[in-house]
Amino acid sequence: MAQSLSEVRYEIALANRMLANEGVLDAFGHVSMRHPGDPSRYLLSRSRGPELVEPSDVLEFDLDSEPVVPPTARLYSERVIHGEIYKARPEVTAVCHHHSPAVLPFCITGKELKPIYHLGAVIGTKAPFWDQRDEFGDTNLLVVKPEEGRSLARALGPHWVVLMRRHGATVAGTSLRDCVFRTIYSCRNAEYQLEAERLGTIGPLSAGEAEQAGEIHQQPGPLNRAWEYWVRRVEKKGEAPPRLSTKRGAARRAGLSGRRKAAPRGAKKPSRKGSR
Amino acid sequence: MAQSLSEVRYEIALANRMLANEGVLDAFGHVSMRHPGDPSRYLLSRSRGPELVEPSDVLEFDLDSEPVVPPTARLYSERVIHGEIYKARPEVTAVCHHHSPAVLPFCITGKELKPIYHLGAVIGTKAPFWDQRDEFGDTNLLVVKPEEGRSLARALGPHWVVLMRRHGATVAGTSLRDCVFRTIYSCRNAEYQLEAERLGTIGPLSAGEAEQAGEIHQQPGPLNRAWEYWVRRVEKKGEAPPRLSTKRGAARRAGLSGRRKAAPRGAKKPSRKGSR
Amino acid sequence: MAQSLSEVRYEIALANRMLANEGVLDAFGHVSMRHPGDPSRYLLSRSRGPELVEPSDVLEFDLDSEPVVPPTARLYSERVIHGEIYKARPEVTAVCHHHSPAVLPFCITGKELKPIYHLGAVIGTKAPFWDQRDEFGDTNLLVVKPEEGRSLARALGPHWVVLMRRHGATVAGTSLRDCVFRTIYSCRNAEYQLEAERLGTIGPLSAGEAEQAGEIHQQPGPLNRAWEYWVRRVEKKGEAPPRLSTKRGAARRAGLSGRRKAAPRGAKKPSRKGSR
Amino acid sequence: MAQSLSEVRYEIALANRMLANEGVLDAFGHVSMRHPGDPSRYLLSRSRGPELVEPSDVLEFDLDSEPVVPPTARLYSERVIHGEIYKARPEVTAVCHHHSPAVLPFCITGKELKPIYHLGAVIGTKAPFWDQRDEFGDTNLLVVKPEEGRSLARALGPHWVVLMRRHGATVAGTSLRDCVFRTIYSCRNAEYQLEAERLGTIGPLSAGEAEQAGEIHQQPGPLNRAWEYWVRRVEKKGEAPPRLSTKRGAARRAGLSGRRKAAPRGAKKPSRKGSR
């Protein structure tokens, strides 16, 4: 495992804060990452506003979205979005669910979101549209039941962005950075498309352009340049997540099994730092 | 009384600042709360910009919107909005009046504001539209007379959000947190609806969805997650209200009767801290 | 003279910064005030970005917009806007010229700006539209010559806001606070009208409403509440103008004649603080 | 050479940060300047987000966009935009390439961007529209090959702003300040035009107005006033670039040949400060 779990949990907290800082997430929405050492698990914060997430908030779940260690804190009710996409798409290692203002007008009208500039090609050739009502009738629109999560994952299919009617969007990525990049630039694409729809006739990317431009951010140059930029913006505001004091203590506190075995819970009292 | 009056006044100041920080209130607008120990009274700041309100600014009023203790400071002229809604709706314990940019286009055109995404279901199934001119002819559009407040309360009826033509909106809640949540997410809904109206045909929530989604924020998870997020954003900017130094002195200074009896006014000079 | 010149110059610097902070002014635009002791003079900053103006930048001009003391610094080329309005309107004691994003779409299209909510009634019953080309043909669109300023003042007539085609707007007031209030809320009105024009049919204020609502901000309550709010927002950012160290030295440095006599220029070297 | 190379590199870093701070650049985009002492070279940062650029990041390139000193860091892949424009336009001494939200709707629809207010006259009488697909078929839309850069430079022709279909814009200037001013105010013009297109019929500048107003910012007054304003805004946020400790060491570190001779590379280890 190239990256320590401690580092992974830090990066997940950071990704949450970056997406909040760039206007994608508000009080709601979340980013997860597949466990780097065990593809049958994923890492996701306990329930709290994304810009507040700390490494010690990041917990481990199996792909049925059950916490590996019985939790002491409240969990996000929409975890199945993550678990079911990880099940359906082995190559996906990060998922973001959001209600960005940029995509909501598309979610409300059903207007097709399509790549209309080079960086918007992160959307891929198609962003499917999922209407929960088709299969489940009247709900509260949250994706809480496993079958709701599976239905969403089916709608996503082999694509990278799925719009959720009257709700928001979910974005998949092949790495945490890929997922953050796709999330931010699909939102920018949505903003520009919204304005362009009113200004005139859109000349969208051709299939060939969409394919070739879709690979730009796969190059380490652009991907890392953007990541450095978003990280520094968080840091300059003094909003970087706190570092965990020790890896062992932190893993225990957060219910994270560092060596793939659940640490005996409650064996030690959580330190004061970890419990906030 | 579960919550001390001192804490209540702090939370009212905080709610004012949170709503200013999230772009709902500017120099104008106000949030009140029903007195936790006496349903025939409510608590509201003296007249000042919401993002400047301090606990010591929060005064006590009867439901005719008369101050319990003769005031030394200028009061909001539109207090009757609060008093008349508290009279008409016993289950309402918090009220916000605002001129948010998000709702003004609806207030100006009479276009119906309707829930168009899950969190927008806080609006309820209907947001009535009140035109002061219908009953009172030409006015300065402020809601100052008791009969104007009563007319507005009648228009609100059993709903949670009422739009006021050429003026703004008023939002009711079953708790301060409920009221803040409804205010912020009804504004977000308005913003997205405005954009969506231009982009295509809106597929609104069905009645069943509106009802079910309208209960999401009644759950402690989402409600508290959002509250923590808005509070922390105020705190991170160094904008949290100052704490009162002592409860007794503060209550006296602000004309707040801690035990349901008016403290003899002027018995002691206000401390320097309280008088700013 | 109730207010010292030192205080007046501080308030002019503050008003410039407030209007920049609220998004009305950027690198360009300016606010002036009639001299409180001599109606045939007015006070305006030397040429610099409004959010950088300091009390020591504020100079004295006659109504032909000539500096009372030969200046050492570059002056705004559009001073005649101020001088000619002060000549034409004895009751006007403050003027703001701006290119706010809010009004530009109206300046470009000629669409009528009209009061569409209670606070927008600061516009008055009409905002005239001035097209420099009508009288002067092709120019660089700046208002530099006295006859251009006089033409603009004639277009303003007895009103409070005049739109300038392909350029911006100019706002008059009966006090500095009145002028700032009219400027900010006429811009807000423009923003809401722009959105409302797209959303549906505007139900504008009736003449009676416009008249009555137009007096709201003449009351000390709302006017001072808004002023306190805008000032505090500038102060909280650490952006309040510096105070002049001494009145006499400062007046001399800035070419301001404290007792209506021009101080002998260059008699003393400017202090280091005053010269920045 | 009036300006030292050290100062030039500081100003280039500053210009990058200013344009990021004013919302023109995000993780992408770049500003270059022709070498003040050798018109056959230009100066451009290594590849990183514009708001992070430091003087020590600024490298020297020949007009074929090859680095003068073999680089140790990753370079922008779109350097040919700069080199080919410097080749084609001897009077151009600064170039900015950007994807500002303001221009994207025009780049997507092909709607003509035209000067519609006095400051927007920086665009010049025409902003040509370049569609890479016309000449090169499907690409990833980046401008990487020399022939792509030459094609763009031909499209720009004698003008100052060229829109790039489904990509962004490139702006030329006769000095760094001129280029920054043209970039920011052409974006503002785009924003206002976008709004005005929806509000009514645009009354554009006449040719005579465009020509005369296009010279406003050539005057030192407006140009320097705006530059001071943008610089101070960066400085007030604590975002000004760091100063290089010593010119010699810095030039060596950055691969910049102070005296037009390449310093022997690797002769000395970069100092710790230079390597971050």
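Letters A, B, C and D name the chains as they come in the text, with residue numbers starting at 1 for each one.
Operating definition for what follows: a contact is a pair of C-beta atoms (placed from the backbone, for glycine too) under 8 Å apart; a residue touches a chain by one contact, two chains touch by 3 or more.
For clarity, every value in this text was computed on a predicted model and none was experimentally measured.
Engineer: Applying the touch definition from the top, give me the chains sitting in contact with each of subunit A and subunit D.
Structural biologist: Expected: no chain.
Engineer: Subunit B and subunit A are one sequence twice: same or different residues at the contact, by the over-half rule?
Structural biologist: Different: when the shared numbers are divided by all numbers used, the fraction is under half.
Engineer: Between subunit B and subunit C, tell me the centre distance in angstrom, where each centre is the average of that chain's C-alpha atoms.
Structural biologist: 34
Engineer: Report, in whole Å, the distance between the mean C-alpha point of subunit A and the mean C-alpha point of subunit C.
Structural biologist: Chain centroid spacing, subunit A to subunit C, equals 48 Å.
Engineer: Which subunit A residues sit where two or more other chains touch them?
Structural biologist: 198
Engineer: How are the chains arranged in terms of who touches whom: line, ring, star, complete or other?
Structural biologist: It is a ring, because the chains touch in a row that closes back on itself.
Engineer: Provide the residue numbers of subunit A that touch subunit D in the complex, in ascending order.
Structural biologist: 116-119, 121, 188, 191-193, 195-196, 198-206, 208-209, 212-213, 215-216, 221-222, 225-226, 228-230, 232-233, 236
Engineer: Touching residues of subunit C toward subunit D in the complex: what are they?
Structural biologist: Per the touch definition, subunit C meets subunit D at residues 26-28, 47-49, 51-52, 74, 77, 99, 101, 104-111, 133, 137-142, 165-168, 194, 197-198, 239.
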